[in-house]
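Both of the next two complexes hold chain A, though its partner changes from chain B to chain C.
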Partner chain A sequence: MPAAAVLSVPSASRPRAADLGAQGEPYLWMLGGALALGIAMIAGLLVLVLWNGLVTFVPREIALLTLADGSRIAGETVRAETFRVPAERLEGLAPEAKAKIAAEHGLARRTLYRTGNYDVYNDDFRWIADFEVAGVAYPDGMIFAERLEWGPFVGRLQSVTVDGEVLAASDIRAANVRAAHDLARARWQRIRKIERVEIGAVNHILERERLALRRVALTSGEDSAAWRAAAARFESRQTDAQARHKMLALEATRLKERDARDRIVLVEIGGAAKDMALSQVVRMYRANEFTWADRAAIYLSRWWEFLSDEPREANTEGGVLPAIFGTFAMTILMVIVVAPFGIVTALYLREYARQGRVVALVRISVNNLAGVPSIVYGVFGLGFFAYLLGGNIDQLFYAERLPNPTFGTGGLLWAALTLALLTVPVVIVATEEAIAAVPRSMREGSLACGASKWQTIRRIVLPRAMPGILTGIILAMARGAGEVAPLMLIGVVKLAPELPIDGLFPFVHLERSFMHLGFHVFDVGFQSRNSEAGKPMVFVTTLLLIALIAAMNVTAIALRNRLKRRFAGGHF
Partner chain B sequence: MNALSPAPEALFGPTVTHPRDGGQGHNLESDRFNLWYGATQALFDVTFAVERGLVTALIGPSGCGKSTLLRAINRMNDLIDGLKIAGEIRVDGRNIYTPDTDVIALRKRMGMVFQKPNPFPMSIFENVVYPLRVDGLSDRRLLAETAERALVDSALWDEVKDRLQDNALGLSGGQQQRLCIARAIAGEPDVLLMDEPCSALDPIATARIEELIDELRGQYTIVLVTHNMQQAARVSDNTAFMYLGRLIEYGETEAIFTAPRDTRTQGYITGRFG
Partner chain C sequence: MTCASFHKITAGLLAATLTGAASGTVWADVPILDLKLADYKAISGVSGSLKSIGSDSLNNLMTLWAEGFKAAYPNVKIEIEGKGSSTAPPALVAGTAQFGPMSRPMKGKEVDDFEKKFGYKPIPIRSAVDALAVFVHKDNPIKCLTLQQVDAIFSKTRKGGSDKDVTTWGQLGLAGEWANRPISLYGRNSASGTYGYFKEVALFNGDYKDSVKEQPGSSTVVQGVATDKGAIGYSGIGYKTADVRAVPLAAKAVTQCFDATADDAYAGDYPLARFLYIYVNINPNQPLDPLRAEFTRFVYSKQGQQAVLKDGYFPITAAIAEEDLKSMRLK
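On to the complex of A and B.
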């Protein structure tokens, strides 16, 4: 301490300088750093998902490559990377290319192109190394056509035929081509509606009648008077239904015949022509002659299809409406189950149970439940809910459908119950804390007015604790909506054509299996025939899942904050 | 403290009793009442009778058991774990510590005002009519009339009549306390138990509440815990002085404050301890 010496302060027997820790700064930096790291990780994740999710649907230009060997390919650029060139590929190369690779220590760049035309090439994607390319162009007239089957087609338009008549225009942007396309698509929608919805409804009714008859047979035996009456009714209903079925089928056939007469012929870059029904093309555009408005329109129409349509092509194309709906319905159902169950349990534990060793044990168990791996809940749900409970329900109420299980297999209800079980500890803990935090003076005020314990709980404690309880429910909801593992055992499927809620009695079908965004991510990314095509969809679906959970949480938080405001105030 | 002699027998002689007679008999009687919080005894052999229709003040140093005694009267202490009692407290001659006592009915007969205002997180109106809601009443006219009467009686009506549907937590501390008084009298009890109702209030609000107690005199039997000697002197008819869990002297307020018969009472009211 030179300063001390100058001022001639008697030198202290102990050091006067505060050590670094006493000032708290290092800890502050550490805490701040940890927080910053956490935030950066979350932000990074969100940015990754957002970016990848948002660019997926942007329409891209089609590159036309001329290769060194003279062949040509056309496709959208997907991504580029550096790779080590294998020895056998080096052999046939020109010397200058070889020298260039050698200069790069055996590395070269290559680019992935989405060439489409799976039906012609047997592949959608192709890697092209830079040294193979002789020339790149982006010529006009290249068409990117999304099809119902076989994925996209990349090529040029040859002709459009409407009802056997070749249209003069050979541009897909021409008004008559567009009108014909729209008409064909509308006709196709109509066919799908007849086949799926209307004939589906007839079949549903027919099945219901058949089951009703079977039921009568099971309860009062065949050849009884009741059975005969039921059989007669079944006959008449069946005739009705069959007549209607025939009518619808006829209409569908007529429309299909008409549909087959509107055709489009596209040629790929190698010259192979593909003749298909115009209605098979979902969307087509000239990829190299875009204005910004065109681009935006296609981008939005792809999003709209994604949000509002059913999946096709093994989930890699089309939309995810059933998955959105399934996730939403399952989460809501879960909340409907978990909220009262958790609240009642917590109320009992906190307000009525004699506080002692047993209650302490129960509390510890509940807390530990939150740490059980979620797949275990799936196993439990399948074993207990589906097989045991569901099996018995089927025996009792759906005997006529056996051996086909109704509730005896995974489904929406069992999935929601399983997730409710998984998330109930969160609600219990939050509720217990919230009711413990209700000031004693408020309970006393109520009791002093002559309110019973239950009245006090219902009128004072619960409303006052509601924001805290809602926080618990929000946490439970967030956890439940994002859970996938147990659902794979207990009701989520790759493709569920029927939504759990529809126009057919009894409208809500809790026994049905359903689709889920979380599972969809897994399925589309890693289980489909074409994982390269599925990859972008992984991000879009993830983005959607995050958005859905965020939307539900924001709603719940807004509700909670509105409640909270009631308990604010109180200035003295 | 130095005014007191050390010997316990001398310290706690029999209660000196000379209350004013209200002429309507006794509403509450405490008969050799003892109370323990777990192992510690908080009340020792408290014996006295509250005159119907009069205002009785409970005074004494902090921790002497005033709140405990007051809360024993409507059995608010029941909520506390490990509570034990001995002796009786009688309301209209009936012991309220028998197993067959209907505690809820008992509390309905008594309004209680707490030291700190404790309005419920609901509208002013709902706060006042809470005792009626609890009774299952929902006749709008009856509720409105009761609320108005209680709020007028508690001198709050003019301030809140235009915002009865506002949240009660938005009121000032003094208004909240008067609201709690309104709530206590809305159930039309016989007895009002007030535990330092003015401790959180400014002098103006305090004066209003004292006025209010004065107006309520005769309609209700009021037991008032207070630390404020002037207040006790101003509003009460009888005063009970408690010390270390015992009732030392219980008598006409004027006599207690001008000529206390027990030396400890004298010590306390002259400010020598406590």
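On to the complex of A and C.
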């Protein structure tokens, strides 16, 4: 290798340490190493979340275990580990099992099975050691049924009843059961729609009329002419609404009666039978007779349920639609508030204010604001926005609803404002930098052509600073969407299935409490009854939160690039 | 209310008749419902919004009740916030919540604050029974602990009368690999009612050691214990998973140990059995509004107590339901 030989000659003739230092090699390695470490940690975290999040919804096979004592257990395998077998468990074992454990230095394997059937067993996960197992099989006919209540049921199908008539054993084919199940689910969805949406609208009207009446009572007294007119109007509207309510309720009752006649009986492996309405089963499948297409269909349908449905069973099952929507709505609202506020402040500081001690002080304060712990903002938001501002708004505009607070408690608007306060320093700093980077010559050229100061800012400075300003907003958005601590004080709750935007007047309900993906992660991970079942949901929800923030950022970055291209062509 | 008064009440109201053998199954320790509880029937004209602020032990249970209640009244709005029992009284006083779930009874000061504002006392609903469990890792062979030992493990003041601090499993009689294993402590943060109740009953009002790792939720305690072999921690029995084991407890060294099961909790034998409460602001001079009345009735119905089972706690009896409904003038 002639090239290497040429290179190595001069370095050999000089002292080695000085050589390396002079070339900056060790620093290069250090910097490179630090970068690699950082990237590896971030990538590791992302891969962990991605992997765990993606495998959660994969349907698994059901193992049927026959234990040494003759009892049987059926369940999905969750994970396995090695453990040291305690002396008292060794006593009753067969000699060959003992010998095997002794050969492994007292260690053995055990496996965690998800047995489901919480209503029957009072637990739904069980550890089984390998030496307890006499045989493992994956027989046909094992059914995994996800239910609306009590979690999954693992067992076999005993009978299906459609409209009061039991299907003959020869008729229980997959297609028949599936068709009956689809019908029952569609009926159940219809019942839910009537109860939630249609009766909901009627009740909303009733409530509005009741409040309007109360408002009249509060402003002009209970026996004024205005009140009597309002009361008469209330009576007539109430009668209308009640008639409609009755009609809808009747339809719901009729559907429910029909619903109760479609039933399914499942038997767990110990022989206990469970009779339930077919519509109570969200999804069921024969876990040991899969084709790849079945598997993919179930996987996708679980994802769809997760993205499009409300949570059930204290948030451990069902979907997270309200949380996705809440996170999205709050972030957008925050950007709407923070962007003009931050940009205006930065413009004044950089373009109009006389640079001196006061401005320097303001600038330092803004930078310090970015370092205040977020929970402090939460306390401020609760005290100032919710209790003080909101309390006064309630007194002035929503007196008829008191003592129930409307704006006087945490809600979407207050949460967005609090987060806007939290992120405004980021926007101010980024905007100032961007404005400062616009060349002085351009401003002077504009002024020299006779443009006023405001014209110069609007036509010359702001457009060129826009990509930098957007960068600031993107940073603010990412920070705001991932923030949880202050939100816990000011409007985020465990369960609030009503979306802040719906079809009922005034359509946007900024006073409502809402759900948030970040808080959902906290809640499911740290508060759910069954942490074993909750853990996979934590990963799925985290994955979703990351995806949502990434999507919002990518949109903003695309916007920024468009702006950049537009002005790149406009240079001299 | 202390542990002693729970026993007094349970002696009368929670007869051991509750948990007979569950029909047709072999799972003997599955708690079952009192069949005398009323079936819940929805009435018409109930709508509006409810907010509950309080205990995190009751967080899931409140959510399950809310889900059940919403199934009966789809247009009722219910919001649930659970950061700890201590957040319930201020919320009730401020009027920001209609229900204040608490895993301990209100303290005298909290009742006073409430009374100062409204002129009457808040009414507690005894909504479920919990056996506060002391959890260890599933491989831990410990057979039984007395409250004195628990106190010596968790407390630095040792008011329970133990003369020696306990820091390793060997001191509790474990041999082999466990003899020198240090005990690592998991507990709740001080806003939690579970923290307060455990301090009062298991620590005899002493102070926790500084080495207790305070966790933000009951489930976190269980997860901590599940991953740490030498761990011990306390939380509601409803949070038990396959990775941890609830240690049988004895009130005194001489008596026998009792499991954290429904039977032993009802009989008052298990020393850390307690009621889970919901506090309500009820003006004695006004009729209770239908929304809160119906929610209370729902909690005391068969369906409501079914949710208690679902959450891993133990249901109350028809006798208690009757008594509490009477105190709210709903019967």
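Definition applied: the second predicted complex is superposed on the first by the 520 of 572 C-alpha atoms of A that agree within 3 Å, B and C clash if a C-alpha of one lies under 4 Å from a C-alpha of the other, contacts with A are read in each partner's own complex, and residues count from 1 in each chain.
Note that a residue touches a chain if its C-beta (ideal position, glycine included) is under 8 Å from a C-beta of that chain, and two chains touch if they have at least 3 such contacts.
A quick note: this is a predicted structure, and the numbers were derived from the prediction, not measured.
A.B. asks: On chain A, do chain B and chain C fit together or clash when superposed?
C.D. replies: With chain A as the common anchor, chain B and chain C both fit in the superposed model.
A.B. asks: Per the contact definition in the header, classify A:G70: touching chain B only (first), chain C only (second), both, or neither.
C.D. replies: Neither partner.
A.B. asks: Of the two partner chains, chain B (first) and chain C (second), which one does A:P506 touch, if any: first, second, both, or neither?
C.D. replies: Touch partners of A:P506: none, neither chain B nor chain C.
A.B. asks: Who contacts more of chain A, chain B or chain C?
C.D. replies: C
A.B. asks: Please work out whether A:G371 is in contact with chain B alone, chain C alone, both, or neither, and reply first, second, both or neither.
C.D. replies: Neither partner.
A.B. asks: For A:G356, decide between first (touching chain B), second (touching chain C), both and neither.
C.D. replies: neither
A.B. asks: Using the superposed model, measure off the angle between the directions from the CA centre of chain A to chain B and to chain C, in steps of 10°.
C.D. replies: 140
A.B. asks: Once chain A of both complexes is superposed, is A:G164 in touch with chain B (first), chain C (second), both, or neither?
C.D. replies: A:G164: touches no partner chain.
A.B. asks: I'd like to know which partner A:G445 touches here: chain B for first, chain C for second, both or neither.
C.D. replies: In the superposition, A:G445 contacts chain B only.
A.B. asks: Going by the contact rule set out at the top, does A:R459 touch chain B (first), chain C (second), both, or neither?
C.D. replies: A:R459: touches chain B, not chain C.
A.B. asks: Please work out how little space separates the C-alpha atoms of chain B and chain C at their nearest point after superposition, in whole Å.
C.D. replies: Superposition on chain A places chain B and chain C at a least C-alpha distance of 52 Å.
A.B. asks: Identify the residues of chain A that lie in both the chain B contact region and the chain C contact region.
C.D. replies: Correct list for chain A: none, the interfaces share no residue.
A.B. asks: Give the list of chain A residues in touch with chain C in this complex.
C.D. replies: 83-84, 86-88, 112, 118-123, 125-127, 149-150, 192, 195-196, 199-200, 203-204, 206-207, 245, 249, 270-272, 312-315, 403-405, 408-409, 488, 493-498, 513, 525-532, 534
A.B. asks: Quick one: in the complex, what on chain C touches chain A?
C.D. replies: Residues of chain C touching chain A: 24-27, 29-31, 44, 47-49, 51, 56, 59-61, 63-64, 66-67, 70, 74-75, 77-83, 95-96, 138-139, 141, 176-177, 215-220, 222-223, 226, 238-243, 309-312.
A.B. asks: Give every residue of chain A touching chain B within the complex, in rising order.
C.D. replies: 439, 441-452, 455, 459-460, 463-464, 566-572
A.B. asks: Applying the document's contact rule, which stretches of chain B touch chain A when the two form their complex?
C.D. replies: Interface residues on the chain B side: 74, 76, 79, 104-105, 107-108, 110-112, 114, 116, 118-122, 130-131, 133-135, 167, 169-170, 172-173, 176, 180, 183-184, 187, 200.
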